[in-house]
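Following: one structure in structure tokens, then a few remarks.
Chain lettering (A, B, C and D) follows the sequence in which the chains are written, and residue indices restart at 1 in each chain.
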Amino acid sequence: MGITLEQADKAIRAALEKAQELNLKMNIAVVDAGANLTAFARMDGAWLGSIDIAIRKARTARYFDMPTGDLGQASQPGGPLYHIEHSNGGLITFPGGLPIMGENGEVIGAIGVSGSTVENDHTVAEAGRKAIS
Amino acid sequence: MGITLEQADKAIRAALEKAQELNLKMNIAVVDAGANLTAFARMDGAWLGSIDIAIRKARTARYFDMPTGDLGQASQPGGPLYHIEHSNGGLITFPGGLPIMGENGEVIGAIGVSGSTVENDHTVAEAGRKAIS
Amino acid sequence: MGITLEQADKAIRAALEKAQELNLKMNIAVVDAGANLTAFARMDGAWLGSIDIAIRKARTARYFDMPTGDLGQASQPGGPLYHIEHSNGGLITFPGGLPIMGENGEVIGAIGVSGSTVENDHTVAEAGRKAIS
Amino acid sequence: MGITLEQADKAIRAALEKAQELNLKMNIAVVDAGANLTAFARMDGAWLGSIDIAIRKARTARYFDMPTGDLGQASQPGGPLYHIEHSNGGLITFPGGLPIMGENGEVIGAIGVSGSTVENDHTVAEAGRKAIS
């Protein structure tokens, strides 16, 4: 459904390269259009707790077809989506998850990265996404 | 901890190759010595339900440092480990999960494969394991 | 409630000693009269999957105030307690869990051991129980 | 994997001593480098609800290789990691969990303490960590 393993692999390679360039240790997950895990890689020494977060970021980005950080802004106390993080078995709503678009602009999957600051997570996810968009 | 991403990647590549050779669509997971996910790949069109099974097979093989099929034999009705599958959040006890040994014979991780018959799952897992043992 | 940490500790020490004597690598758990974890020890190199099993054996033994193996016999297909293992978040019904009695014969807790054959698991659990009964 | 039972035991003894000195009733958990439970002790009369919290604090500290309280500060509403507590089956993000370093500065495990104020939890965890660092 949507993204192929070849594409997912390409996204993960690009993300790994960016992470090495920035001297970061990352967990990187790619899900398909059905929000199901397609490919995953954990760099040596990357945070163990970020395995789950990378996968959730990828799923969250595909669940709502938007960057995870956008959901974070809308789900603050008083915000319109306050508590949305309790849905779907638990969402991650800070940056590092991005939907991936196909040639015709349709969402074919998503990438999630976790292991550093949310800015770095986002940067590495963006590198992965770019490689196949 | 134990297996490196480079090793895990090598195991997954070898398993993918074997699966293509046999014309199978597989999900392949590798965990480290702490039973934490290290790498994963789903071939295009592979069963969605096998994502979870491949990961659980890898974890189960590391949890007890033995092929998952061995646990299946011991946990039949009347067998000594009947019901063990209810532990650890749910085990998979049929073939397709194998521990991976390091140079000194210590367990450094495990591989789990799911997507076809248990015989094929085992064959593909074995190909992945051999590549780095 | 019931067993003290001093008693639980004594049981674990005795079980560790017996395991070393038999050259086994065990996970050993002690719960109190409320079936809540009181003490736990994992020997170096013991199966990771046996952490959860040792704790569940101890809880199962206290839940029904009987050796876990007794439940296993009663929960075979066709048996009177078939499927009891689905209760309480998942029971372990093979040997290695034993209730611990106080001075007046009342149950003050339970011990659960996992890491080898069910016979060895039982032997080590028995050593732990004896130390404080 | 990382911490040995002997080291974990030493950490727990030191934490128990500090708790007694401060007249506190604590639950103390130690996990290894794979975030798997290695040793645990509950003092007589310690809060039952703190069993789970102590274990989660230890796991959380190892998941992200930092004191649990640091995560708490970063996950306040408006903070960069808001909602991280929904990952990994539920994190505990207030003080009382600390990573434990080995001789070469690598993380070999973590300790989690729960049963009093977060300040006291942290103090007792620190005593445990110091004993083997």
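Here, a residue touches a chain if its C-beta (ideal position, glycine included) is under 8 Å from a C-beta of that chain, and two chains touch if they have at least 3 such contacts.
Everything numeric in this text was worked out from a predicted model, so none of it was measured.
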Averaged-CA centre spacing for the pair subunit D and subunit B, given as whole angstrom: 31
Distance from subunit D to subunit C - Cα centre to Cα centre, in angstrom: 25
Separation of mean Cα positions, subunit C and subunit B [Å, integer]: 29
Subunit A-subunit C separation of Cα centroids, rounded to whole Å: 42
Touching two or more other chains - residues of subunit C: 48
Category of the chain touch graph - line, ring, star, complete, other: other
Chain-to-chain touches, reported pairwise for every pair that qualifies: A-B, A-D, B-C, B-D, C-D
In the complex, subunit C residues that touch subunit D: 4-5, 8-9, 32, 34, 36-44, 48, 51
Residues on subunit D engaged by subunit A in the complex (per definition of touch): 34-35, 60, 62-65, 77-78, 80-84, 86-89, 91
Subunit B residues within the subunit D interface of the complex: 1-2, 32-36
Subunit D-facing residues of subunit A, complex: 47-50, 52-53, 56, 72, 75-77, 85-86, 90-94, 117-118
